[in-house]
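Just below sit the structures, each encoded as structure tokens.
Both complexes below contain chain A, partnered by chain B and then by chain C.
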Partner chain A sequence: GHYCLDINVLIIVFTEMRDKLRKWREDNHRNSEQIVDVGEELINEHASKLGDDIWIIYEQVMIAALDCSRDDLAWTCLQELKKQFPGSQRVKRLAGMRLEALEKYEDASKQYDSILQDDPTNTAARKRKISILKAQGKSAEAIRELNEYLEQFVGDQEAWHELSELYINEHDYGKAAFCLEELMMTNPHNHLYCEQYAEVKYTQGGLENLELSRKYFAQALKLNNGNMRALFGLYMSASHIAASPKVNATVKKANVKYAAWATNQINRAYQVTKTNQLPVEELLLRSS
Partner chain B sequence: MAPELLLDSNIRLWVVLPIVFITFLVGVIRHYVSILLQSDKKLTLEQVSDSQVLIRSRILRENGKYIPKQSFLMRKFYFNNQEDGFLKNTKRKVVPPSPMTDPSMLTDMMKGNVTNVLPMILIGGWINWTFSGFVTTKVPFPLTLRFKPMLQQGIELLSLDASWVSSASWYFLNVFGLRSMYSLILGQDNGADQSRIMQEQMSGAAIAMPADTNKAFKAEWEALELTDHQWALEGVEEELMSRELDLDGMFSKELPTGIF
Partner chain C sequence: MSWRRWLAMGEVELSCLAYVKMYLHACLFPRCSVNGLLLSSSPAGGAVCVTDCVPLLHTHLPLAPITQLALTQVDVWCAQTQQRIVGYYQANACVSDSSPTPCALKIADKIAEQCNNAVLLMIDGGKMSPDYRVPPIVMYERKDTRWTLKDKHTIMLRQWEETRDIASQLLDSGDHSLLVDFDSHLDDITRDWTNQKLNAKIAELASPANGNV
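Moving on to the complex of A and B:
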């Protein structure tokens, strides 16, 4: 083993390595350094034992290698894939991603254009083109292209989420909220979307939005009792409403009650953390 | 009532088993041939887009209660508005895919027939000719005499119980019976699955219309018109605060590692 990382990774047997890679693949983990470690060893030492699995492993390792700036490894994987699947669009996309990683955006864009010429319905190539715009800092263009993309592929949840992030960066909270609404409808049990929606509403401000934000923080908590960010959000939105001069006595009373409940729960959480001695920052990071 | 016949054990060895093997192998070959002959069905951009729009409208109807009322109404308006609602106003050119107008459908049908029906007939006939003249097996349930000419081809015995069948019947039994074997070995969705293919051909008439898009839009429009917004979050605070938060097991010492 030549890497001074986790020694345990190097001692693991071949089948464990292969299974780990598969699990990471299926769960869509982006733990690229680990993938590169395990994958590189697997490819170099155990290629013959992998059989047909090796192609999908090449793809997985290549993407991880691009994340870690390991162009040598990425190039090797790409060459193997090109040899085995000449003319494949999936491989072309990987070649484009490598060009992106090397910041050769013009060439990458041409690569994706050629895919789209053969198959105008290829969503992966279109999305990579938008990523290029994002990488070049051309947010307005990226937003515009992504909107056009979504007009045709309304069901692409990944794209909706990406668009919501772009809007948040541009402080266009109204439109970000719209995107998050799409996601909440397609994933009604995902507490993270509710929490993000609530945060956007809170940032927009104004009494109506604060009410909405409180409600959605509550919903996120209902879906996942452990979402600390939502708990703090609930406390803050309820307190804000209670402190506002524009509310009547009933509403004020209700919100004071909500804020008190939230405080109670936060204290309970601190009791638990005191025994585990976690700092506040980690407490806030606990949104799952 | 029927006397128990004792079959020559050679029959078992040289008839029953070979027929099983033959059927199975033919099925496997059919599977691979169907993969080779498979033509890619290319959907147009518009079809993909439309199908997603329909899904979105359906999701709006089903899960619109999770977003605020205003947001729901805005989207309902976008779809159903009298003047320029998407579902109301978008008309697609629909060409019903009959075999005459759509040449690829014709070739698909032909391929389907060649790979499935033809081999079955040929092999069935060959088996009937090769393994004729003797009884192969007995079905475990009693049959009426009307089945005799069908199941006892080539056996000219008037007094033989209809439960005793010829090799051709055994062959057909195998064709359907080996379905689960195919699933085990070739994985789901395999081209050797005869009965599934026949089922598909029967319901094919329904599926062959790639859902007349205009009709689908109209149906969605009607369904959406009828949908009202019942906000799921109306009493969420009360529901949430009716009990303490479940904080068990949340704060373990280990944070999962990220990329690095």
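Moving on to the complex of A and C:
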């Protein structure tokens, strides 16, 4: 009677929780707080039912726990993984991540060095060393290491994007643009790369770069017409080009049209939401 | 009323609302640099009273288009709501470094063009633990054309402990995720970058009924 009902409810709850974690892993979610909540309960209450799933759950929960400064939970997960997989490179990397989270950067770096000694091709350890440099504010070194890494692993998207971000923070827009060009070449359907490239070009300034930025904002919109940054970017770049004394009448006319189209689209988008509705035309007057 | 009269020239008052939102902004994106604008609803002249803030970005701070867009949108909103942009805040991703970056200086310069006692505020990530005794902020003011460190004693935060506790409460309850910055607004334009909901929550926590202020 009552007792059986509890068990069934428990099983449903447990299954939902386990599936949630799986989905988050697959979607690469960084909802660390949610993962910690669900994962901690799963580990504490239902460990025996998880079978071999438990090890990947420990890993997932550990990473999320580090994000939430829950070193107690991270430590617990790490110990279980160490017991089950002694000497594992993957577990060593997790230990390194924990040291990073505790800002023990020298120790973390040594941890990754020990991985690289046994396995010099371990790209994960190499990349973690680079993120340590970033965390320590050693941008120039991080950039240098990342460039070396990319000479060997030229197809690593994440690394190219990481490098573009570093260059942007160093205000080296030319090199940031180069990284984004690489990414656009290998990912022609990715609207985010187009839009970021357009932002970099806009920032570099000058009529040529402005025209390039407009083209790439437009391209980003073609790939994803919901990209609001691209829509505003199109409006701003086209308006600035149209207002430039250096353009001929044809170019001016075309850009006025682009800007008008963008205005229309922006107004339509905000009509639906009703939040933060501001007259778009007022924006350009003050944005120079 | 009388508090403002006591502030001498050159002093800056930071409201609970402004401080809490800035702090939550930094907490919401711990691995990113974040920035935002400081607003005042007081008239120009005399001491600077920062009464509110608008969180702006957590990605690509140095890039121009979205920053320009945000500055103009906030400008328009301020005109409608009788507020002025009086300063800029930033928290660096690298917590050991709380000095203003070139883009911080650039935006602060722009603000100073319209507001001659504009302030530049850096959040010191290294000092952001929940029970810290003093506000983890460093302020700069413009002397001639350079931004120089402001004497700590001229930054006023009324009832610091209560303010700090309100921020902690919101973190604990998870309500900090209510905060919308301009970046988040562009990701989903149904989210309100003026943060009316969060403002109401903060006001509720700060009200005399809760034993505060």
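Heads up, the rule we're going with is that the second predicted complex is superposed on the first by the 262 of 288 C-alpha atoms of A that agree within 3 Å, B and C clash if a C-alpha of one lies under 4 Å from a C-alpha of the other, contacts with A are read in each partner's own complex, and residues count from 1 in each chain.
Convention: a residue touches a chain if its C-beta (ideal position, glycine included) is under 8 Å from a C-beta of that chain, and two chains touch if they have at least 3 such contacts.
Predicted model only: the values in this text are computed from it and were never measured.
*Asks:* Looking at the overlay, does A:203 come into contact with chain B only (first), chain C only (second), both, or neither?
*Replies:* Touch partner of A:203: chain C, not chain B.
*Asks:* More chain A residues touched by chain B or by chain C?
*Replies:* B
*Asks:* What is the contact status of A:135 with respect to chain B (first) and chain C (second): first, second, both, or neither?
*Replies:* It touches chain C, and chain B stays clear.
*Asks:* Should A:269 be classified as contacting the first partner (chain B), the second (chain C), both, or neither?
*Replies:* A:269 contacts both chain B and chain C.
*Asks:* Based on the superposed arrangement, let me know which partner A:219 touches: chain B (first), chain C (second), both, or neither?
*Replies:* first
*Asks:* Determine, under the contact definition given at the top, whether A:186 touches first (chain B), second (chain C), both, or neither.
*Replies:* In the superposition, A:186 contacts chain B only.
*Asks:* In the overlay, answer first, second, both or neither for which of chain B and chain C A:154 touches.
*Replies:* first
*Asks:* Report for A:32: first if it touches chain B alone, second if chain C alone, otherwise both or neither.
*Replies:* first
*Asks:* If I apply the document's touch criterion, which positions on chain A are contacted by chain B in one structure and by chain C in the other?
*Replies:* Of chain A, residues 33, 269, 273, 276, 278, 282, 286 contact chain B in one complex and chain C in the other.
*Asks:* Would you pull the chain B residues touching chain A in the complex into a rising list?
*Replies:* 43-45, 48-49, 52-53, 55-56, 59-60, 63-64, 66-68, 71, 233, 236-237, 239-241, 244-247, 250-253, 255, 257-260
*Asks:* Show which residues of chain A lie in contact with chain B when the two form their complex.
*Replies:* 30-34, 67, 120-121, 152-156, 177-178, 181-182, 184-186, 188, 212, 214-216, 218-219, 221-222, 225-226, 231, 254, 258, 261, 265, 268-269, 272-273, 276, 278, 282, 285-286
*Asks:* Provide the residue numbers of chain C that touch chain A in the complex, in ascending order.
*Replies:* Chain C residues touching chain A: 33, 60-66, 68-69, 71-73, 75-77, 94, 96-97, 102-103, 174, 185-187, 189-194.
*Asks:* Using the touch definition from the top, list the residues of chain A that touch chain C in their complex.
*Replies:* 33, 134-137, 165, 168-169, 171, 196, 198-200, 202-203, 205, 213, 228-229, 232-233, 236-237, 269-270, 273, 275-276, 278-279, 282-284, 286-287
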